[in-house]
Structures are given as C-alpha cells and as structure tokens.
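Shared between the two complexes below is chain A, which has chain B as its partner in the first and chain C in the second.
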Partner chain A sequence: MKKLKVTIDGKTIEVPENTTVLDAARMLDIQIPTLCHHPKLTPFGGCRLCIVEIKGIPRPVTSCTTPVSDGMEVTTSSPQIEDLRKTVLELILSDHPNDCMVCEKAGDCTLQELAYFYGIRENRFGGERRVYAKRDGNPFIERDMEKCILCGRCVKVCDEVQGVGAIDFTYRGFKSKICPPYEKDLNCEFCGQCVAVCPTGALTGKQWSLRGRQKDIKEIDTTCPYCGTGCNITLHVRRNEVVRITSREDTWNEGWLCVKGRFGYKFINSPDRLKKPLIRIKDRSNSLNDIFREASWDEALDYIATRLNEIKSKHGADAIGGLSSARCTNEENYLFQKLMRAAVGTNNVDHCARL
Partner chain B sequence: MTNSIREIEGNEVIFIIGSNTKETHPVIANRMIKAYRNGAKIIVADPRRVPMTRFSELFLNLKPGTDVALLNGIAHVILKEGLHNKEFINNRTEGFDEWKKSVEDFTPDYVEKITGVDRGDIIKAAKLYGSSQRAGIFYTMGITQHTCGTDNVNAVANLALITGNIGKPSAGINPLRGQNNVQGASDAGCMPNVYPGYQRVDLPDIKHKFESAWGASLSPHAGLKSTEMIPAALDGKLKGLYIMGENPVITDPNIEHTIKALNAVEFLVVQDIFMTETAELADVVLPAACFAEKDGTFSNTERKVQRVRKAVIPPEEARDDISIIMELSKRLGYNMEYNSPEEVFEEFGKVWPALAGITYGRIEKHGIQWPCPTKNHPGTTYLYKGGFPRGKVHFTPTAYTPPAEITDSDYPFILTTGRNLFQYHSGSMTRRVKPIETHAGEPYVEISPSDAKGLDIKDGDMVKVISRRGNIKIKARVTKKASKGVIFIPMHYSEAAANMLTNDKALDKHAKTPEFKVCAAKIEK
Partner chain C sequence: MNKNITIQVCMGTGGIAAGGLEVLDAFESLMKEKNIPAEFKKECSMHKVGCRGLCARDVLVDVIADNRRTIYQYIKPEMVERIVDEHVVGGNPVSEWQVDEDYHKFHEKQVKVVLSDCGNIDPEDINAYMAVDGYKAVEKVFTSMTPEEVIDMMKKSGLRGRGGAGFPTGVKWEACRKAEASQKYIICNADEGDPGAFMDRAVIEGNPHAVIEGMVIGAYAIGASKGYVYIRAEYPLAVERLKKAIKDAKERGFLGKNIFGKGFDFDIKIKLGAGAFVCGEETALIASIEGQRGMPRAKPPFPVHRGLWGKPTVINNVETLANIPYIIKKGHEWFSSYGTEKSKGTKVFALTGKVKNTGLIEVPMGITLREIIYDIGGGIEGGKALKAVQTGGPSGGCITPDMLDINVDYESLAKVGSIVGSGGMIALDEDDCMVNVAKYFLQFTQSESCGKCVPCRIGTKRLLEIMDRITKGSGRQGDIELLEKLSSDIKAASLCGLGQTAPNPVLSTIKYFREEYEAHLQGKCPAKACREMLTYHIIEEFCKGCGACLRACPAGAITGEKKKPHKIAPEICIKCGACFDVCKFKAVGKE
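Presenting the complex of A and B:
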C-alpha cells in the first residue's frame, strides 16, 4: 500500500493512504480535541473542534474529514486555532443547561472536560435556549435533548453499527434536533449503543439515575451472563450494587452490547433473590404458601447427603441424576460433574444444551 | 464455531439458517452488518421473516422442519453447476461418490415442493454460496431442535465440505451457542457419555485415567441425558435429582409432563438464584451466587475462555456454587479441596490438553480460544487449519424425514418456539428487570395477516392456542414476520408458556434434542 509522509507539529510520520489528519496526529500521540468524532463511525466534521492549519490551505480545516496527502504540513495548535475552538465550545455551552452538579454524566463527560481545559466559566453568548419539556416515555433510555450538542454520533451508530436507524436529525438550524420518526417515543432494539457513544449527558440509562456518578464507581471487567456471544462488559459498582454496565471500546466486541447485556442487570439486587437454604415442610402436591422453612447451611447439606446416601444404598448410584448449568462457570461445571461421578458414582449428569 | 466472531467481517457470503441472529445474538449480528457494509452477501433461511432479512440478498422462507431438503437441494445445484471444490473433496474427504447419489433426487423442483422455497431462489443460493471461498454457515436451534436435528447438522457440514469452506479464516460451520457457558458446560464434561474434554466414559483407558486423576472408582457406562432423566423419573428409575441453575419446568417440552416427573422423584434438590418454577417443586432449595458475585471463567461460542470476576457480595447467606459443591461432596464422603476457582481451572487443564496452555494470568485482559495446548500457544482462532484431526472427514448422507407431528384438519397450524430480543430463556433473570418487563413483559403469539383474517382475529385479541399436550390463552400479534400456516410463541413467559404445547415425545434419535421448532396446533378465538 502506498505510504504518505506527513509532518504534524514538526513531527514526521508515514501513514497509509486514506488516513485522516486526525488519525495521523493520534498515531503521533498529538491530542486534538473532538466531540463528534468516534473511531468506529464514519467521520462527520460537525463539531468543528478538530480544526487544524494545513500549509497551503488558507482556512482551517477539520482534521477528522481531511485525508493526509504526501508532504502535508499540519499545525494542530496556534492562538488562532485555540481561539476558534474556544468560541465553538462557548457557542455550544451557550445553549446547554450547564447543570453539571446534578447531571448523571458529570465526571465522565467530554463536553465538561473540554470546558475545563478551555477554562470556560462564563459565557459571552447569551440568547435563546432550546427548551424541550417532553420526556421520552421509553423505559430504557433517558433522552435529555437540551443537553444534546447535535454531534450525530447516536444517529450514525444506530444506522452504521446497529442497522436500525431509529433516530435522525429533524428540522433545521436552531430548531435542529435528533428524534425518532414523528417525534414519538423511542421504540427500537434498545441496545444502548447511542448511550455508549454520546459525549454529553443527553443520553443515559434510565436505571442509572441517582445510583452514583463516575467518581464513586468501582469498575470490574467481566463477561456478559446472557447468550453465548460472550461480550466483555464492565460492571460499575457502588456500595455493593451494580448500578451500570458498559463495555470498553478496546474489547473484542468493540464496546457494543445488546439490550439484555447493557440494561438487564437489575436481577442481581432483586429482592426476590434466594437468601437462605430452604427445606420443604409440606407435601409436594400441596403447593400453597409456607411450604418451605429456612434452614442453616449445615442442616440443609447434611439432609441432602443423608437422603442421597439413602437412595444410593437402596437403589444404586444410577438412581441419582444431576443437571448442571450452562449459566454457571467452567469451574463450577467441572466440579459438578466430578461430584456426580466421583462422589455419587454415576454418569447421570447433563445440562441444558438441547433446550 | 469453527471460525471466530471477528472473522465474520471478512466473510464474502454469510448463510444464516435457523438463527434469528439479530434478536438472539445481537452483537454477532453487528459483525454481520459490518460485513454487509463491506459488501458481503447474506442469505437467510428461516420459516419467519426474522430481522436479519433486512440485510439479506436472499430470503429462503422454508416450511419448518424441511431444512435437510433445502440443504440437499442447494448441494444438488452446486454439484450440477460444477461449483464443488474437487481438490478439497479429493484431499480432505471420503465417501463423496456415495453421498453424491443421495442428493441426486433433490432437484430444485422437488425441493420447492417440500420446502415451499421458490426453485429459482434455491439455485441463486447455491450459486452464491458455491461460488465463494469465504463463506460461513451460521445456525442455532432452528437447525438442532428437530427430530432430524443431527441430519440437519450433517447436511450443513456437507455443504461446507463440497465447497471447501472450512479450515480457513472466514469460512466454516458456525453454530451460535445460546447460553453464556453452554460451550464450557459441555467442555467440562457435564454430559452423560463423556468426561471433561469430550473423553468417553465407556473407554476403559480413559476411565482409568480419570480414576487415577480423581482418586475414585467411576461408573463404566454412559448415563442418562437430561431428556431421558424426565421419563426415567416417571418410570421410577430415577429417585434423586440435583439441579444446579436450570429451570426445566419452563424450558423442557410439555410442562405438565415435566412437573409430573419432577414430583415423581423421591428427592429433588434445586440450587438457584431465584425461586424458579422448578425450585418450587424441590425438597431442598439452596441459594446460589450469581455471575457478578463470583470468580471463574465462561467459554463463549467461539471457544474463547474469558474471565468472570466478583464485583459484589452475594445476598445474605447465598453462596457460590463451588463452595456448595465442595461442602456437599465432603458430606458424601469424597473430599474436594480447592482454595480458589483458579485451582479448579488448573485441574481442568491437566485432564484436558486443549486447555492446558490457558491460565488466569494469560486471560487477564483478553480471552484465549481453545485448543491451546501449551503456555506459549496463542490459541486457535479457527479450527482444522491444515487438516481434520481424524484425517479425511466422511460425507454423511442425509435423507429428508418430515417432522414427527404434522398438521392435520384438527391441528392445522405449525407452532414454532424460540426467544425474542428482550427476554432471556425461562425469564428468571430478565423478568425481574423492570424496563424489560415494561417493554416486553407480555406473552404473545405471532400470526400472519392472512391467517388472522381467516380466523377473524385482530392484532391484540386474546386467543386460545391448543396442541395435543395442552392449551394456553395468549394475545395475538398479527405480523408479517409470521408466514402463512406458521405461528410462533416465545418461550419466556410462564403465564402462557409455549412449552405447555410442545411435544416431549419427539426427540432427535441421536442427540435426544426435543423438536421445539415443529408441533401441530390450532387457534380458537
């Protein structure tokens, strides 16, 4: 493949054809601020924060949409560029609620970070603000369109990655907004890919609300418990509660999840969880209330061992069977079959692969 | 899967048969869409207009249970067009000539009559799949949950073999496994005929190996499969049953029958995280830890061993399954001592060489795909590179046999069951997640607009679906997703459980998998 030479801020690198100036800069570990750019989505050039100066071109250009050409000389930061970037940010923030103190995304928000780095405390632009009183009634995704900066990442991910196209830009100019057809409530696959790529607090999980923000969270990487795809997920834990699930971009599943993997975690803390061993006190046919009583682990396990030994001595080990679980770990499954084979003495062990 | 999920991006042709990938494996569907954006051609064969048909070049809307005929028909056309890979067939397979005779009758006309798929589309599919050297077949329970499930799988394999689409990247046979660790549970030997690593219990040398590894004397004959335990319980042969993390009342065919069988055993132990419909029948219920409360590994559908990590502590006295099993084993007179799940995994690797090279340390960040025999082996992204382990692989002729229960004037509809996007399996987890219940908490039967019109049923009407096993009241969802004569009920909802209706008597003769995908039913308003 043809290699092109590009010099960025005095550093030279050779890159393959069709590499953008932004990607080339990132290869050189040169930071260029972005809001609408996402490495897994097609470039948009909408936010104008990634502007750079290129020798021979009289005006700043967006680095995310400009491919490198051979011998190109790029400057990523100059007083003029930084001034333009700051103005862009001020314009965005002039129509933003700026309610970081109560925003779910605080501490994990690209817009907030940029405002911090550019030192934007007060805003010289006043004027009209977008007000959207209506709340989207869907049960999964909070869509706070007043916080939307129209970067379009959600529109792209929904179309390009998910193949759904549940949302798009509507209206024009100041009235531009992103919404489902006819501004109805969102009714889609609820994969939450849009939530994952949103750079502000415009899109969040409804279940996340008031469960804790990023600074209080401990992140634990693990594997999704639902289907056999085995997506890598990150559990966000606060005070012994899983309050959110995300997936990192550098995982094999590229950070994409489905509705169950992303939003189906509340069973963990369900009040219905079994909490103590239970022993039946009423006949099986009598399935009314109070058919179980609580027992200690010792009592329950002793009872099981006694009953299984009874059956074994009376009818042989093959009168006992075990069903293991495709939901449990390798280690648990290994031990379960070892228990059935070595401790009970039967090969009557199976799991639900057929069902 | 013989390939990796990542390799899907490189597929030229993606042939999806009997898999509603977009709903049951959504993130794998994302990869397929990525391949589609790169120009891959997608063929979908399914009795339902599943969402992946939005991206398909060809949709083969076959009648349930006619997969063998369709696959044989595609093979027939590939041979006729001379698209088969002669070099691969000569070097890597045997039994080709005999098998070739078995597909001679499966002309497009004949196959159209059986499957209902237009003969022109059968030819198109054959040309598309047969012309590609980077074609993958993807299937799930739509292939396996039939009385002819094993034949279906063999017919899939034959297609890959005649075109040489196996043993290389982005070309292979890819069953998508439905549960997080169904691969691992099988690998770990939770099957009645094999020890960990698919090593047969009835071979004396193997038995001896495990007897010395475990220090116990072991049974020399294969045990009962899950679908055989239920009748054995009714016959009085099975007296005690220990169920860890399964809910057969909802997931097995013919619920009434399953309940009767579980009530017939003298002693039933259920270990679970919730009081499931199965746990309600138990003599002892043990509270277990869920995935977020324990350490270990899961193996996904592409044979990748990945870490599971403890993030929270279990509620009150609930314990992880390993400690429960160790305690119980001790009380049964067989001591198991492990200080950590990692020690168990190390032992697993000692008895099965395919895992020997995988350690917790190596999979700290990214999983490794077995086989991985040594500590410096990178793992195996696709199987059968450079040959099959047994040398030449045999073509298995597959005859078309109709499903066990066919429609008649009393039961004119074919009922097929499966999952939807939002709920998961018996629902014990997802039905306790509020947003999922709000959005998809109600059972329904999918019925085609023309059938609905014929029965004067409107979308949202309550109807009664009846089979020879039982009946349920359920809301009608009139949708073009359903084909004429075929209705679909998701399996998740105990209040209108699909498995009240399904056929427990129809099992695949080899795998003993129930025919969930075809039974006869009628609908009354």
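Presenting the complex of A and C:
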C-alpha cells in the first residue's frame, strides 16, 4: 500500500492512503479535541472542534474528514484555532442545560471534560435554549434531548453498525433534533448502541438512573452469559450491585452489545434468582402439584447420575435425550454432547436454538 | 388584411398568475367565434411563451403582424376583443395599451444569451426550439467534436458556474472526465432557493430544452450515461414543462440510447426537492437524491471524484447549462467577447426592491451597477434616494451608492464584500433599515440551516438573537463587536457554504452602515422601519378627525371625537403601524 508522509506539529509520520489527519495525529499521540468523531463510525465533521490548519488551504478544515495527502503540513493548535474551538464550545454550552450537578453522565461526559479544559466559565453567547417537555416512554433508553449536541453518533451507529435506522435528524436550523419517525417514542430493538456512543448525558439507560456516578464504580470485565456469542462485557459495580453494563472497544465484539447484554442484568440481584439446585418431588396431598426441594450440588448431581443409570439399564441409552442451551459457550456445548455420547451413550443431543 | 400573424402570450409563472391562461383562452375563443375569414384564421397562430423579464407588466401579449411586433402590457381577458378587432383584423394597433418607453429601456442594455429564446418560443413545443436552431449544438458535438474538444471549448469560453461560486465549468468537466469510474453522473442543480431569485425557474419554464441540451453536451464531455435534474417541487410549472421536454427529446433521439448513432447513451431523471435551501449545496443535493436527509458533507473528496452513489459527478446550475448550447453554436470567442477579463458572458439577475422596473434581466458581466439600477431598473421608485443594493441574497452583501460604478462581475463584487451569488439584486431606499434587512436574511439562513454543524446551527441563532434585540431597541453596548466576532468565527468554522456565508449580510451592513447599528443601540432606527423602536403620535394640525385610525387600531389606543384631532395613548399602543398605513392626511407621525 502506498505510504504518505505527513508532518503534524513538526512531527513527521508515514501513514497509509486514506488515513485521516485526525488518525495520523493520534498515531503521533497528538491530542485534537473531538465530540462527534467515533473511531468505528464514518466521519461526520459536525462539531468542528477537530479543525486544524493545513498549509496551502486558506481556511481551517476538520481533521476527522480530511484525508492525508503526501507532504501535507498540519498545525493542530494555534491561537486562531483554539479561539474558534472555544467559540464552538461556548455555542454548544449556550444551548445545553449545564446541570452537571444532577446529570447522570457527570464525570464521564466528553462535553464536560472539554468545557473544563477550555476553562469555560462565562459564556458570551447566552440565548434561547431548546426545551423539550416530553420524555420518551420506552422501557430502556432515557432520551434527554435538551442535552443532545447533535453530534449524530447515535444516528450513525444505529444505521451503520446496527442496520436499524430507528432515529435520524429532523427539523432544520436551531430546532434540529434527533428522534424516531414522527417523534414517537423509541420503538426499536433497544440494543443501546446509541447510548454507548453518546458523548453527553442525552442518552442514558433508564435503569442507571441515580445508581451512582462513574467515579464510585468498580469495573469488572467478564463474558456475557446470554448466548453463545460470548460478548465481552464490563460490569459496573457499586456496593456489590451491578448498576450498569458496558463493553470495551478493544474487545472482539468491538464494544457492541445487544439489548440483553446491555440492559438485561436485573436478574443478578433479583430475589427470585435460582442460586441452589432444586429437586422435584411429588406432593402427596395434591397429585397435580410438584414440590421443589433445595439440595446441595453433590446431592443433585448424584441424583441425576443415579436416575440416568436407572433409565439406561431399564430402557436403553436411546431413551435418554439431552438439550443444551444457547446461553452456553461453545466449549460448554462441546462438553455436553461429549457427556451424552461418551458417558450416556446416545446421539440424542440437541440445542434450544434449533427448536 | 394582415398576413402571418402570431400572437404570443407570456405564460411564465408571473404571466399565469396575472391571468395569462385566461387571456390566451380569450384570444382562442374570439378567433373561433368571430366572423373572421378562413384564410386569415389559417395565417394566425397563437401560443404561449416563457418569461421575458418584466413581470411587473404582465400579462404581456405580443402581436406580430407582417414581421412587426407590437407589445401590449397589463392585458386582461376583457381587453382581448378590442385587440382582435382593431389590430389583428383591422391592422391598427391599440396604441394606449402598448408598452411604454420604460419597457424598451428595460431591455435596451440587456444582452440575452440564456434568455434569448425565453419569451419568444413555445416552451412546450420541441419544434419551436428546433426552429431556432435548438439541438444543433448537440448535433455539432456528436458529429464533429471529441469530448476533450468540448471541454477545451468550455475552458476557452471562460464560462463559470452561475449558481454562485463561479467555478470554471470546463475545469470541473475536465476533472470529472479524468476521474476513472464505471459510471458517472451529471446533475442539473435547479434547487433555486435564494429568497427573491427566480432565474432558474424562468429558464426552465421558458426554454427547458436548452437546459436538456446543455446536459447532453455535458454528459458527452464527461462520459456520463445518467443525469438528474434536482428541482424544487414548489416549481410545478417548471417540472411539468421539463417532463414534457425530456419526453419529447427522447422521442426525437436527443436522449436515450445510441444518440446520433454514436453509441452514446444518456438519460435524464427528475428528482423533486422538498424545498430545503441547503439542498442547493452540492453534497447535500447528492445526499437528497440518494434518499438521505439533505445535509452537506466535508469536501474533499469533491463530487467530481466521489459524488452521487460514490461515483464521479458533475453538478451544474441551470443557467450554466443553458449557456452551453449557445457557446457550442456560436463559438467560445463570441461568448468571451462579453464580460470582463475573468468573468465572461452574461448573467441573469432578479432585479427587485425599490426600482421602478422589477423583473428578470440578463446583462453582460462587467456592466456597471449604475446602468442596472438607473437604466434597466428605471431608477428608484417615488424619487427616493438609493441607499444600497443588496446582491447575492442571503449569502451576499450590500453595495453603497458611492460604489455604483463598479463592474458587476465575480471579482469586483467580491472586492467590496458582496457576491454575484445566484443573482438576486435588491435595491434599497431610505425607508429600508439595514439592520432589519440583515436580520431578514439571517432569519432565512438560520431556519434553513441543516443543523449539522455547531457554528451554523447555534451560531446563526445567536447572531439572530443579537440582531433581534438591536432592532427591538434593547441592544447592548458591545453588541456590534460581538456580532463581528461571532460572524467571523461562524464564517471560519462552518462546514458548508451556507454557514460560511450566512453572516455576510451582517458583516457587510456593519461595514457600510455601522452608524445605523449605533443609532439602534441609542434607541433610534434612522429609517423608521423597526416598529418596536418607534412611537406613534397624531400631528394635530393635519388630523381631520375622520376616525379611520381609530377604527383601524386593533388595540383601542386611539381616542377622539369626530372632526377633532385624535390622540394615541402610548401605553396602550402596540406599535403595529395600522394607523400610519390607513391615514390619508399624513397626520400620523412616527419617531
């Protein structure tokens, strides 16, 4: 592949064709602020924070959308560029609730972070703010559109990664807004990828509300138990309670999750959750009703082995069949069929996903 | 008896609105009804024509008899009988209904290229176009020129994009020609969105075949087999005529497969726009054709490399395309004989505002603004003083009377902080408040911003809010400087042309009329146009006590007995200006 030479802030690097100036700068560990950029999504160029100066181009250009050309000379920071970035940030904040004190995202918010680094305390551009009374009645995703900065990441992830296209930009001008068709409540598959990529508190999980901010949270990496895909997830734990699930971008599932993996964790702390094996016994007083008796794992496994042996000797091995679960990993499923074939001696083994 | 009579009725949108259809009907039914000799009827043809510019005088009717053209203005159906009796049959033109000197002055300094056939031929009849050498340019190109020769001719002609940016057409075509791809496209940008601009509409309504011919030539030059016309759905007549023209051109083999037996295929589709101003920006236009929301994307890559469906695409404006057949037919030397060193040919402007003759004009590049305003436009209405000429619509700026002798071309207008743009030209007089004018354009751009980038979406909103408070008398010290700072930041940081030019009206009016802004900060609108800053009062010595203002006042702020001077209670007055408008004795004063 053709290599292109680019000089950024005096440092030179060779990059493959079609590398953007932003990516090249990040390879050189040069910081350029961004809000709408997401490495897994196509460049947008909307927030205008990543503007840089390129020799020979009269006006600042967005580094996220500009491909490197050979011999390009880039300046990522100058008084004029920083001044423009500050204006842009002030403009965004002039149309933002700025209620970080009660915001779910505080401490984990890109906008808050940038406002801090640019030291924006006063705002020259105070004015009308978009006010939206209606909140979305869907069960999973809290949409606080007043906090939306229209970076478009949610729209892109829904379209480009999930292939759903549940939301898009609507209206024009200052009233522009991202919402589902006809401004109805969100009625999608609730994968929550939009929540994962939102840089502000505009999109959060409904069940995350008031469960604790990021700074108090212990992150534990594990594997999602829901299906054989085995996505890598990160449990956000506060006081021994899972309050949120995310996934890291450098995992094999690239940080993407489905509705179950992201939002289906309430069972963990549910009082109804099955934690010990139960053995079914007949209720002598009512033949229609079975009773479940708590047992130890040793007792339960002994019971299973005994019963399997009994059935096998009386009716033959093919009287037994085994059904595995899609929630098991490949390895677990392999072991299960091995158990059925080698230990029990039957080929009657199947999987719930085929039913 | 007259021979070879042709009656032409102006049937552009302006003509139809003024009753053109009814006038044509009246001619047709009268010719049938009246006892007119058969051989005479045979000699007499009637047809509709497109816009010829002076829309203010519609319905315009031409009666051409014995090669002598008589032009009538303000014609209504009931006037038709007399014209038929006295002129068509009797041979004596009705002198008092003929156009006056102004009509001729309006046309004298104009040079019509793009509009040369508009208003003369029936736009719905391909034969009429072919009778004036229509499609001869396509024939010439296909039978005797290579694509490279066509591009070379465009480059030599000096034709530049008429949509506003003025990019050389030949250079654009060449870049697309050189791009390697299995499929290329040519798009006609007919998403004319500037408030007050209607030249593209008039061209398509008046001569749609010229645009199609231009597209076929462009397609041949760049090697595109598919074309789109992106046109606003709000132009129903233009769409209808274009559809018919495409169908007719296809039947004659100027579109479709194997054009002129040269193995070249080209077809045109019409895509209706939904009235978004930003879709005139080429990347937003492409997104819209692709079925996406019309939002611009960053360039590069430019459409000539990655355009519609990711393929190399040339996007030309209607007026640009309509120039092309004439350049091919008459040669690049002819075309470049008009204009200035860097701006060649002619440009169509929509002349509006306070001039006497408003309408569509086509002038050679380099004509002075003075000639446009005073010769073509006939000067300012009511003998008032010209205050400024606003050009380029919401992306443009103002030119003051002391600069009236500048040449109207891309470079000269840019030098004084304005632009040619798509060709809007508004004359403003002493009654126009420059702050208010800038606010008007800003309102437009703000509500048409696509919302994608922050400086445009929020920045123009903040600009507008500052402008709004200035015009309402609550401007703050430092507001002018804030406007300047924010404007320059928006221009520098916005993604597309809309945001990059939206602050131009503000900057330009501050540059030339700063004192007017300052007066507003001190609570005065010098033009007395900003209603919120005015107080209304009755001038006792003029007031006849007729009660007209009292009846007109929606707030009940006016009291008074009949035949005695009335009074306005300032605490009740809502400053709507109804009393001022209704008073016949100039007895309502505003300060």
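Throughout what follows, the second predicted complex is superposed on the first by the 274 of 355 C-alpha atoms of A that agree within 3 Å, B and C clash if a C-alpha of one lies under 4 Å from a C-alpha of the other, contacts with A are read in each partner's own complex, and residues count from 1 in each chain.
Throughout what follows, a contact is a pair of C-beta atoms (placed from the backbone, for glycine too) under 8 Å apart; a residue touches a chain by one contact, two chains touch by 3 or more.
Just so we're clear, the structure is a prediction, and the values are computed from it rather than from any experiment.
K.L.:
With the two structures laid over each other on chain A, which partner does A:G127 touch: chain B (first), chain C (second), both, or neither?
P.N.:
It touches chain C, and chain B stays clear.
K.L.:
Given the touch rule stated above, what does A:V157 touch, chain B (first), chain C (second), both, or neither?
P.N.:
Neither chain B nor chain C is touched by A:V157.
K.L.:
Touching A:L22 in the superposition: chain B (first), chain C (second), both, neither?
P.N.:
A:L22: touches no partner chain.
K.L.:
Please name the chain, chain B or chain C, that touches the greater number of residues in chain A.
P.N.:
With both complexes superposed on chain A, more residues of chain A are touched by B.
K.L.:
Going by the contact rule set out at the top, does A:L114 touch chain B (first), chain C (second), both, or neither?
P.N.:
neither
K.L.:
Quick check on the superposed pair: does A:V52 touch chain B, chain C, both, or neither? Answer first, second, both or neither.
P.N.:
A:V52: touches no partner chain.
K.L.:
Between chain B (first) and chain C (second), which, if any, makes contact with A:T346: first, second, both or neither?
P.N.:
first
K.L.:
Would you check which partner chain A:C191 touches, where first means chain B only, second means chain C only, and both and neither mean what they say?
P.N.:
After superposition on chain A, A:C191 lies in contact with chain B alone.
K.L.:
Okay, in this complex, where on chain C does chain A touch?
P.N.:
276, 278, 293, 295, 297-298, 300-301, 446-455, 457-462, 465, 482, 486, 489, 492-495, 500
K.L.:
So in the complex, the part of chain A that touches chain C is made up of which residues?
P.N.:
43-48, 51, 59-62, 65-67, 80, 83-84, 87-88, 91-92, 94-95, 124-125, 127-128, 149-150, 152, 168-169, 171-176
K.L.:
Give the list of chain A residues in touch with chain B in this complex.
P.N.:
Of all residues in chain A, those touching chain B are 138-140, 160-163, 189-191, 206-207, 218, 220-232, 235, 237, 240-242, 252-253, 256-261, 263-270, 272-280, 284-285, 287, 292, 295, 297, 300-305, 307-309, 311, 314-315, 317-355.
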